[in-house]
Structure formats: structure tokens, C-alpha cells
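Look at the two complexes coming up: subunit A is in both, with subunit B in one and subunit C in the other.
Showing the complex of A and B:
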């Protein structure tokens, strides 16, 4: 198990425009670390730099405390799983799994043993003599995983390994990969664009946008305390509701004259701000609650929960998420309330406005 | 309508194949005629005689020529496959400065007619003392821009991830080339092999230049010799020799084509 450290890393393909800006992060041994962001944010580039498949334009990459900027991929002692699995089509599953082992001076018997061990772990024992094209997507995925774990490398890199699978299989593989990582105790760096994967698998994750790290932290910390509006809207499905508002003493004024009164949870700034609320924090108001009336625009009943889209203002639609099945129809007007500790405030430029309210911690516990 | 179309199509195909095949069939038939019959202009021999075939092998050392041709063609085929595949591998999988410029330079040599380089090549071979040897007949053809191009195009279809996966797991370049790239490119390798074997087999001018004894001469020169050694050419004998000479060619095409189809099918299903 080795620590991976990136220190002020930049990457540029043409010498002018940086695809990765000043990235510094330290990944602990045995950690499941997820790089998540929309397409083109540079997450794969980071992974490939760690693997040694891309050069680092400036900055330092340390693995186990040693600078490895110039080391070829094979000497970094890591394994990698590619998005399209990169299986050798003309080799059998067994040959695919053991192909990379000869260089490590491992005897044929040991190779065989490790191969069987990995195959057993991933349920591939019956397919060792098959060619990749005879396998289903999930089985191919497992072969790619087996190939990564037979090397016994302390670090494993995965580049969107589940994106070619259907939703059901993806959920299954998600937990399989997580269990495998725990069992073997390897350091995992996992790239994905799917925030659900990131939330469910990561010990810690880094959210990237346009080559810059937006926030690094444990999934729930990021979910509850997003550092800017990008993170707030990227993590969570449906995303966090955001709207511009003016602050007038203890009132939040939205466009078109909607106002909400806050009692003690006030934004630290009095200018134009952006207000964010998670959908699950918008509740149907009880008679005694402070409430506002909103027109329902759309209702999606998902069985376990109901997503209610309502008009906050003429142009802005927010979504509320209620557990259970609700018999509400578009066009109805409903009284809604928002626990005021659930409000997050962002500066106009998107940055979270710093504030520390004692009641916030209590509020957080309530909603989990 | 449909029947008419099919009829027309087949009629056209039949006419074309008759035009194409006639010379070969005629040569085949002449090889069974005696001299007088050939001059009378018969198309179908009145009685089939094998005398011409016997004569062909007696008049010139046809066996030796065939053997030489086979050796030379085989060496050129092997040389081209090795050099083209290694060069193509470098052009696809290795990153180095000026790679693309070098590749286009390499392709540009296809624009230079072979005849233009013949004299410099001859002088080089002469200085090396390779006249009248297999070396002189084969080595100048090892580097083939066409072969490099053909294989490069095929290598480019191999996903780069395979190479990267090999790099990460510490598989060496040559091992990757040998165990992954070559097996995946079997189709193109066979195409190039058949192509280079046949072109070398049919080569005439270069063997004529660099050889002057029967020890290393190839069949094409042997055929030419048959025509000129006698005052009046015995066409029956010449044609018998021609048939003997084109047989391996046809055989190779036949076998090669089967392999090609198999290779193409595999690619399609995958």
C-alpha cells in the first residue's frame, strides 16, 4: 500500500492551454478515491498521468514518497482497468489474465495459482478457456478486473469501468468492486462521470470541473457542504435547487416577488446571492408551519418517492422530493415549507458563503 | 424484369471471363499441340501430347529455375513481412519526433518508379559483390513502402488501450508486437505475403540484370531463354513451361484467398 501524491500538477497538450490547473491532492494508502466530473473535465487525464500514459507538464507526482514523473508505467507498480476493458480478443480469458505476469518473474505454477484465485474471486472459473467475444459485458468487465488483481499491485486505477454496462449490472458491479477493494486493501483511484457511483463507492472523492479541483472530501461532507454551486448541482439527483435572491434584512427576495422569512439562519452577506436547497428538504407544510404556496408543474411518482416540480418564480422551477407515493396533480397549488437550516448560500460567482450556525449540525442529523 | 437483369448480368460476366481467360486457356491448349498444329492455327489440339512438357524440362533446367524462383520469392516475402511489420509498428505505436513526416516520406517513395532506382541499386549490389546470388535478388526488395502502408492501416485499427494495458502491466514492446499485434493482423499479413510472393515470382528485369548463370536464375528468365535459344521458337514447349510456371501462382492465390475470406469473416463477427 502506497500513498499517491500530486503536487501542483499541470497538464497542457499544446503548451498554451492547461487542461489541468494546479492540482494538489494526496491519496491515502488503502483508500477508495473517486475522481468525478462531467465529460471533458480532465479526470481521465489525471488518471493517465498517474498511470504514466501521459506526461506531466509541470508539478510532481509521488508514489510512496518517490517522485515518479519520469518512470514508465510498468515501473510504477500499479494496475489499470480501462473503459472498454482492453481485453486481447484472440487470447482466452486465462491468457488475458496472465499475459502481464511473465515480466514480474513469476513461475508458471504461481501464475496459474493466482489466475485461478482471481477467477474464483470473480466467478470466472467456468470461462477460463473462453475468448472475450464469447462473454457478456459483465463477464468481460470481470476479466478486466481479474487482470488487474492478479498482478498484486498495491494501486489500482479504473477509468469509467462500468459505463458500458446496463443499469442493473452496474449497481451489482459497483458493490463487487467496492468489496474487492476492501478485501484486498488496495489503493483505488476510480474515474467516473456518474455521481451515484462516486457517492456510493468513494471513501473520498474529488469533483473536477474544467481541469480544476472543485472540492475534495468524503461523499456526505460534499453532499451536505458543497463548496460552490457547481458541486451543489453536480452531486445529488435530482440536483440541488438553486435560485438567485436578494437579501433584505431577514427576508430572502426571489424574482417576481416571492419572499421567504428567515429567523436565525441568515446569510452572511446582504447583497445578491444564490440560494440552494436540496429537494428532500422541501416538505409539505403542516398548518402550523411557516409556508409558501406554489403551483405544481409536474409530478413523477417513482414508487419509493415522488418528485414534485413546482414554480418557485415564473421562470424558475424547483423540485421537491418526498418519500412515498403522493396523489398530487400538475396545476394544483400546495403549501410548502423549507427547514431554514437547510438553506445554503452562495456568492453570485458560485462560491459558498462561509457561515457557521450552531443549529446547522443538528439540522444535518435530522435529515440523514 | 428481374430475370432479364440477371440474364444480362451473367451474359456480361461470361463475356468478360472469356476475354480474360482466353489467352490462358489457349496457352494451356497449345501446350498439348505439336509445332505444326500451332502454326496451322488450331484452337483445339487434334491429339493431346505430353511431349512438350517433357521437352520443356529437358531444354532448360526448369526445375532449378523453379527452385530458385521459389527461394527468392519466399525470402522476399519473409523480408518484406518482417521489415514492413516492424516499421508499421513503430509508425503506429511508438511516439517519436518527426514520426509522421518520416511516414509520409516513406509513402512518397511509392511515387518513384522502380526503374528509376534500378541503376543505383545495380551499382550498389555490384559493389557489394552480390551479383549472381540470392542476396542480390532479394535484399533490395525488403523495404516496401506499400507493405508499411498496408500494415500501418491495419495496426491503426487495434485499439490503443490494448497497447496501454500492455504498458501498464509491464509487457515489453516486442512481446506486445509478437503476441498481440501480429496475431490480430493476420489478414493483412497474409495479403501482403501473397502480394509480395507473387510480384517477386513474376519479376523479370531485375533478375535478368543481376544474374548471368543458371545457378540462381529464376523461371521468368528461363521462359525468355526458351524463346530465343532456338531459331524458330517451339511455341508448344514454351507454353508447356508457362503452364508449369503459373501453376504455383494460381495455387497460392487460391489458398491465400481462402485464408483471406476466413480472416475477413472473423473480423466481421467480432
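Showing the complex of A and C:
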């Protein structure tokens, strides 16, 4: 287990435009760290820089406290799982798993032992003599994992390892990989574009957008306290509802004259803000609640929950998420209410306004 | 309700048969242009050659008398023809392995990601753009004992007066060297294409495992390149058996029949000696020789090929 540290790392391919801007992060030993972001945000580039497959333009990469910028990939003592698994089609599963062990001067018996161990762990024992093309997608994925495990490297890098699997298998492998990481105690850096994978697997995660780190933290912290509108809309499915609004003392004025009253004053310095509310915080109003009436545009009943799309203003649709199955139809008008604590406020440029939560809580207390 | 539906989903036998005939006809129409071209330029001459090989012919190439397999029997006893076979086999052995190995080395070098590598790729494949006649003439000048550049360079090292194309011991090797040079362009290009088709993540994975260059070459590159290598070897082999142009320009089969490969011998028999029957018999023998070699290659060589 070793700590990985990136200090002011930049990456540029053509010497002019940076694809990674000033990235600094420290990944703790034994941590499951997820890099998540939309495609083209630079997350794979970061992983490949850590692996040594890409050079670092400027900045320092430390593994276990030692600068490794110039070290070749094989001397960084790590393993990597590729998106397409990178299995050698002409070698058997066993040969694939032990490929490269010879370099580490490991005896044949030890190789065999480790291979069997890894195969056992991943349920591949029956397939050791098969060629990769005879295996299903999930089995190939497991071979790639086994190949990473046998090296006994303290760090494992994974580049979108589940994106070639179907949804059901993906959910299964997700928990398998997580359990494996826990059992072996390795440091895992995991790249994905899927925020569900990030939320469910990560100890901590970093959200990237256009080569810049947007936020680093534990999944729930990020979910509850997104640092800007990008993170707010990227994490969570359906994403956080966002809308521009004007602030007038304790009144939020949306376009087309919709207004919501809060029980406390917002900072007067900000006239124009962006308001964000998670879909699960929009409830059907009880008669006693402060409420607003909205027209339902679409209803998706998913069995365990119901997603209700409604018109906040003429052009802006918000989604409410209610648990259970609701018999509501498009076109109906429903009374809705939002807990004041659930509101998040962002500056026009997208940054969250540092508006301390206790003041909401106090406001709420007074209201009750 | 069920009855009409079932009729609709599986049409009656005559209807189905009619449809099958129609689709077959449609297929044949699509094939027709190439069928016609192949028939005129390939199948007809081939059958005609086989036909002529059983006849004695006059000077116009008209069959005069049916002689059965006499042409073949005569050929297999003929010292000149046996010399041709020997020359051809030697020529194949000289050119095919050398072109493939050299082209593979060049392709491996040109596949590295280096600045200006595109220039080298163009250079290495450029011989493909030269006609056999043009390159043969260039080599003829280079081999010239008095004004050729090769002897000039050799004379700097104290070696003088090598008769490249006139010495029966060297002539076949000289022709082979120029042929290798001509072949490399095509072979190189195909092998480079094969190399670039190999998934780069396999190499990245090998880099992380830290295997040596030679281990990687042996365990990753060559197995994954094997389908391309197999193709290139097969094509080169067939091509080599059929060499004609450079022989005609450089040596005309001489000296002392040292470079009189089968195709050149066929040409001489047919168009210089006007002995079409014997020439046709040689052509048929060459056809079967290539057929057998290619078959053997598929039978034994393809086992080592890893298709993905």
C-alpha cells in the first residue's frame, strides 16, 4: 500500500493547450479513488500519467513519497486493467494471467500458485486452458482482473473496466471489484464516466471537467454539497434541478413570474443567482404547507419510485422524485412544496454560494 | 383467423421455389461482369493451355497432332528443363525469405512512433511504385562491370571486376538481389499495415508488465502478425515462381541458362522456338507446382497462424 500524490500536474500534447490544468490530489493507501467526468475531461489521461504511459508535462507525481515522473511503467509497481481488457488473443487464459510474471523473476511454481489463487478468487478455474475468444464479456473482464491481481502490485489502475458489459453484469462486477479491493487492501484508482459507479464504489472521488478538478471528496459529501453547478448536475440521476432566479429580500423570483418565499434573507449582494434542488426534495404539498401549483408535463413510474416532470416556468422543467407508485397524469396541476433546507444557491458563474446551513435550519425551526 | 395467417407466414412450395430461383438469378447477374472478365482472360487461356499441352503444334500454335502426355515425359527427361526447375527453386529460396525478413525488419522500425517516420515509410514502400522494367534497367546499370556503381564501390575495398550478370555462379544471386529490392515495397507496406492493426493497449499492457523488447516481439507482435506474414509469404512465393520481367531485361535467361527460370523457359519455347505444345506443358507443370506449394503452405503453415 502506497500513497500516490499529484502535485500541480499539467499535461499538454501540443505544448500550447493544456488538457490537464494544475491538478493536485493525494490518494491515500488502501483507498478506492474514483476519477469521474464526462468523456474528454482528461480522466483517462490522468490515469495513464500515473501508469507512466503518458509523460507529465509539468508537475510532480509521487508514489510512496518518491518522485516517479521519469520511471518507466514497469518500475512503478502497479497493475492496470484496460477498458477493452487488452487480453492476448493467441494465449490461453492461464498464459494471459501469468504474462509478465516472468519478468519479476518468479518461479514457475509460484506463478502457477498465484494464477490458481487468482483464478479461484474470480471463478475462472474451469477456463484456464481456454482462449479469450471462447469466453463471455464478463469472463474476459475477470481474466483482466486476475492478471492485475497476480502481480501483487500495491496499486491497481482501472480504465472504465465495466463499460463493455451489460447493465446487469455491470452491477454485479461493481460489487465484486469493490470486495476484491477490500480483501486485498490495494490502492485502487478507477476511471469511469458513470456517476452511479462513482457513487457506489468510491471511498473518495474526484470530479473532472475540461481537465480541471471540480471537486474532491466522499461521494455523499459531493452529492449533498456540490461545489458548483457542473458537479450538481453531473452527480445524481436524475440530475439536480437548476434554474436562474432573482433574489428580492426573502423572495426567489423565477422567470415568468413564479416566486417562492423563503423564511430568511439571502445575502443582498447577490441579485441574480442559480437555485438548485435535488428531485427527491420536491414533495407533494400537504394542505398546511406553503406550496406552489405546477403543471405536470410527464410522469415516469419506475415501480419503486415515480419521476414527475413539471413546469417550473414556461421554458424550464424540473423533476420531482417520489418514492412509490403515483397515479398522476400529464396535464394535471399539483401542489408542490420544497423544504427550505434543500435549496442550494449558486453564483451566476456556477460556484456555490457559501451560505451556511445552520441559518436554514434556524429558519425552518421558526417556521415550524 | 389462424389459417390465413399461417399461409402468409410460410408461402407454398412453388412460391418459395420461384423466389429461390429469382434470388439465384439476381446473384448471378451481380457476378456476371467479373465472370465474363475472368472467363475471357483467365479460364479460357487456362483451358486452352491445358489442351495445347497434349498436342504437337505448328509455328502458329495450331494443334497438329494429339500426343498424349508425351510433352510431359519429354520435359521431365530434358536437362534444360531440369536446370530451369533448379534455377526456379533456387530463385524462390533466395528471394522469398530474404524479402519477408527484410521487409519485416523495416516495418518494425517504421512502426515506431518517431519524428519524421512518415518519410521513411514512404521511402521503404516506394519500390512498389516502380515498374519491374524501370527498376531492372537501373539495376542493370548498377551491375555493369565497367561503369556500374557497385563495382566502383567494391574497387575501393580492393575487389575488382566482378561480372555480376555474366558469371554463371553469380548471375542468379544478382537477379535475386534486385528482385528482393523490388519486392520489399509491397511486402513492407502490407506488414506495416498488419503491425498497425495490432491493438496498442496490448503493448501498453506489456509495458506495464515490463517485458523486454524481444520477448514482446516473440510473444505478442509475431503471433498477432502471423495472419499478415502468412499472406505475404504466400503471395511472395507465388509471385516469385512467376518472375519474368527482370530476367528478360537483366540476363535473358543466361549465362549458360543459369537464370533460365521456368516462366522464361516457357516464353523462349513458345515465342522464340515456336514450340507451343512443350511451352504449354511447362505452364501446366508450373501451375501444379504452385498449387501444391500453396496447398502445403495452407496445410502446415496456417496451423501456426492466430486469427483474431
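By definition in this document, the second predicted complex is superposed on the first by the 352 of 368 C-alpha atoms of A that agree within 3 Å, B and C clash if a C-alpha of one lies under 4 Å from a C-alpha of the other, contacts with A are read in each partner's own complex, and residues count from 1 in each chain.
Keep this in mind: a contact is a pair of C-beta atoms (placed from the backbone, for glycine too) under 8 Å apart; a residue touches a chain by one contact, two chains touch by 3 or more.
Keep in mind that what you see is a predicted model, and the values were worked out from it rather than measured.
A.B. asks: Mind checking subunit B and subunit C on superposed subunit A, clash or fit?
C.D. replies: clash
A.B. asks: State whether A:26 touches subunit B only (first), subunit C only (second), both chains, or neither.
C.D. replies: In the superposition, A:26 touches no partner, neither subunit B nor subunit C.
A.B. asks: Look at A:250 in the shared chain and tell me whether it touches subunit B only, subunit C only, both, or neither; answer first, second, both or neither.
C.D. replies: After superposing on A, A:250 lies clear of both subunit B and subunit C.
A.B. asks: Using the touch definition from the top, say if A:58 reaches subunit B (first), subunit C (second), both or neither.
C.D. replies: neither
A.B. asks: Could you list which residues of subunit A make contact with subunit B in one structure and with subunit C in the other?
C.D. replies: Touching subunit B and subunit C on subunit A: residues 51-53, 72-75, 78-80, 82-84, 86, 88-90, 99-104, 133, 151.
A.B. asks: Which part of subunit A faces subunit B closely enough to touch in the complex?
C.D. replies: 51-53, 72-75, 78-80, 82-84, 86, 88-90, 99-104, 133, 147, 151
A.B. asks: Could you list, by residue number, the parts of subunit C that touch subunit A in their complex?
C.D. replies: Touching subunit A: residues 199, 201-202, 204-212, 215, 219-220, 223-224, 306, 308 of subunit C.
A.B. asks: Tell me, which parts of subunit A touch subunit C in their complex?
C.D. replies: My answer: residues 51-53, 72-75, 78-80, 82-84, 86, 88-91, 99-104, 133, 151.
A.B. asks: Touching residues of subunit B toward subunit A in the complex: what are they?
C.D. replies: For subunit B paired with subunit A, touching residues are 159, 161-162, 164-172, 175, 179-180, 183-184, 269-270.
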